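Presented below is the structure to which this report refers.
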Amino acid sequence: MLSKNTIFAILLIFVPISIAGSLLHWSGTVVFITACLAIIPLAAYMGEATEAIAVVVGPNIGGLMNATFGNATELILAYVALREGFIDVVKATITGSIIGNLLLVMGLSMFLGGLRFKEQEFQPITARLNASAMNLAVVALLLPTAVQFTSTGVGEAVLQRLSVAVAAVLIFVYGLSLLFSMKTHTYLYDVGVAGIEEESARESTAKPKIWFWSLILLIVTIAVAVESELLVASLEEATEQLGLTALFTGVILLPIIGNAAEHATAVTVALKNKMDLSVSVAVGSSMQIALFVAPVLVIMGYIIGQPMDLNFNPFELVAVAVAVWLANSISSDGRSNWLEGMLLLATYAILALAFFFHPLTA
Amino acid sequence: MLSKNTIFAILLIFVPISIAGSLLHWSGTVVFITACLAIIPLAAYMGEATEAIAVVVGPNIGGLMNATFGNATELILAYVALREGFIDVVKATITGSIIGNLLLVMGLSMFLGGLRFKEQEFQPITARLNASAMNLAVVALLLPTAVQFTSTGVGEAVLQRLSVAVAAVLIFVYGLSLLFSMKTHTYLYDVGVAGIEEESARESTAKPKIWFWSLILLIVTIAVAVESELLVASLEEATEQLGLTALFTGVILLPIIGNAAEHATAVTVALKNKMDLSVSVAVGSSMQIALFVAPVLVIMGYIIGQPMDLNFNPFELVAVAVAVWLANSISSDGRSNWLEGMLLLATYAILALAFFFHPLTA
Amino acid sequence: MLSKNTIFAILLIFVPISIAGSLLHWSGTVVFITACLAIIPLAAYMGEATEAIAVVVGPNIGGLMNATFGNATELILAYVALREGFIDVVKATITGSIIGNLLLVMGLSMFLGGLRFKEQEFQPITARLNASAMNLAVVALLLPTAVQFTSTGVGEAVLQRLSVAVAAVLIFVYGLSLLFSMKTHTYLYDVGVAGIEEESARESTAKPKIWFWSLILLIVTIAVAVESELLVASLEEATEQLGLTALFTGVILLPIIGNAAEHATAVTVALKNKMDLSVSVAVGSSMQIALFVAPVLVIMGYIIGQPMDLNFNPFELVAVAVAVWLANSISSDGRSNWLEGMLLLATYAILALAFFFHPLTA
């Protein structure tokens, strides 16, 4: 079987292919698919480079870097889409990332891990704290939708102001949660961090210097931007040709691409019976989307004049609530087995079916 | 006090009465009520016969039989109603069975058990796993409703296709859950199975042979079909005369009749302080409805040309969500007392009131 | 820093000021604000007097008194508002009290307590039982709304009948829960009661006689009625001048005033690391609102001819569900820290923002 790193190296070939395709005016669908494939390894290298630099600059600045740049791919991709006015796709990507992390990533980890080990255990305290923080974030993200859905008509200006205010509260809470995990209650997170460092150490036997990783980070960041432009530019033509709605693309397709690296990590460590780390990658990643990426996009949109409110499709509200509820119900006892993983996967499949058949265009 | 078996034997007299009533063209209400009363003991005998045969044929085929035929009464009754086009009644019966098992059966067990014992304990691991499986099933059953409710109009054909796809996923998960409980993780279910066998052993001192039970099963199955026909044929006239809506009949009345035997078992074992078994009958039964009976009916309906989608009345969605939420909240700590039982019963009473006053006809 | 008692004594000066303001026809806003400030110490003295008498008359009648008169301020205020026809404000006050106790009071306690102690623990059994009872109550209160929202039109008479029936079930359950905590399962509540008595003992070195407290209770009750009249009479003018909607006033402002004394108690004991007592004050208080105050108001309204149904604004339904969900998720593990407190406070802030921007007038 090919290792994770070999697969990523092979996928890199799609970077030049997609750029060539765009210059030669190939069909939008081809450019779209090759750009998607090209982003997967770039996202992985970006995460690796960030982590390598973080280790060198020390736990405080490093932790902050990790927390801020950990979702850089999603942020860049969403920013480009936002600039081009694909506001509904961006919103769908946010809900899709939350659902994907909680159901697809955690489900795959528990299922594959559970096939190898009869029962797997993880520390439920941090999982629960993360879950509570995520509950807050989900509630916050979805309240503007609820205001809209339960009233006879709120002006767009009001929704926009409410969304910015909510975003500000979320970024404030995100800052506090970093303070909590890196200053006042670090001991609760020891397992997770130790696990991540151990994993990194295992993967790279000899660490290159910081200037090497900074260079890599720079190059990869530029490549991701470039590829995001190609992807967004071909988005409309491709989804139309493939017969997909913008909602389905945003909720299901894009998040799988943006989070492929995290998926691989979570499953790999689950297969090594480190469920603590696996669950914390899945829950922590969806928490970062909700507490950091989404509010930053709202404020960015406000600044660049593409006002993105937090008024989601009510069905997205239902889907996120369902995902959070099931993930809580399955992870709250600190044990997992293959059936629990399969339940999460089945929920994901059913939600994907529902999004596929949902008639709204976003 | 009369024993359970005596009561069932007495109720058998309503089998000939209801048939006679139908042949003599008595009032629909009388036929309806006598058919209802006749089905109660038949369902009990069907369960007993299935279990007796299951013990003889061994744990594997036996477990499968139990899991498949355990809800045969509900299936037959629902099939007949479906064939006659009472689709809304069938859908209401599904939600009603889930609500009834979680609130009425579990509530009565905890309340009556709690009056005799100050505090009762049960193993929360299997309860939680069942609860998670049921959460998935409930989510799956209700998603088509959410799709319909949150969009401006989904074609009936789309809803039907979505419903069949969801049903297929659910039956697949049901199969996996049988594999889990009967092959890979049997040890988690030891208490429950041992309890059921012990109960059976206690009730029947000398076990008759398998041909005897097969004959009983055959006769009882035919009788249930016959009585279901009578019940469904008189349904419309009876509910009209009694001033009940089809929604109330489907959600409250029919599930009580179809599940009377399980109710009796759950309460009986609760009074013997075997809460493990009692909770697992209640939760397991609602899980079977959601993961097996409902999807089979969707697919059956599709085959016999009475297409039953999973688009429920939104209020049924609220009611099921409420029932699952409260049952989880009360059972998750593995202890119960009379007040907790009463809380479940009060919720059931309030839901019944709401369904009674709900103006929709289904 | 001024002690709680000194602050209350100072606030008493607003009793004569508000009365004078009303007689001299000052602006409605001034009368409203001074009446609000006057009610805060009155509510505190009412609670203290009730408790002092309860200690003298013994645990049974005393407990009943505490449970019945503990929310006397809210009841009087709501009764006056109901009589004057401010039905939507009264309903908003009910949801606001529940949200405020679960998010603001519990949040402040956990946050401030968490700043002083790294981790605080509390007994989760009673917390969970209270939470289950509250879940039932919340479900019951919100079902009529759900019936209305999911149907094409229910007559006002039907909603009113459903509401009265639901209220009767809730008062019945409230009676049973008193029986449970004061008769059959007192031992579960020992910590809490002991804590309250200890607190009371610490605060007052020499206890005055019962006639003294009865006199105080009488005077304070009259003063609260009087001040409630002033507050309600100036409500409309004041909210208009301040630019607030009736919904915001009812959900956010009034509950903070009515519950100020409980807020102070919960925070004070949290700072003494008695989280058991702190959490039980917050959860218990919202439980009393839902199981006792709200149904009594429904029945009172029915009697005085100002029929108050339980058909809330659907957004209130969302807000209460969110508050209960988050409070459960944070309190269910029996531990707290400052971040968890901050999560509850942030949720409260976001809900307050949403109510502020919500366009419905109630």
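Going in written order, the chains are labelled A, B and C, and every chain counts its residues from 1.
Convention: a contact is a pair of C-beta atoms (placed from the backbone, for glycine too) under 8 Å apart; a residue touches a chain by one contact, two chains touch by 3 or more.
Bear in mind the structure is a predicted one, so any value in this text is a computation, not a measurement.
Touch-path distance (fewest steps) from chain B to chain C is 1. In summary, the pair chain A and chain C forms a contact in which the copies contribute largely different residue numbers, shared numbers making up under half of all those used. Each chain gets one centre point, the mean of its Cα atoms, and the points for chain A and chain C are 40 Å apart. Counting only residues that touch two or more partner chains, chain C has none.
Within the complex formed with chain B, the chain A residues making contact are 118, 313-315, 318, 322, 325-326, 329-330, 333, 335, 337-340, 342-343, 346-347, 349-351, 353-354, 357-360.
On the chain A side of its complex with chain C, the touching residues are 124-125, 128-129, 131-133, 135-136, 139-140, 143-144, 146-147, 149-154, 158, 161-162, 165-166, 169-170, 172-173, 176-177, 180, 184-185, 328.
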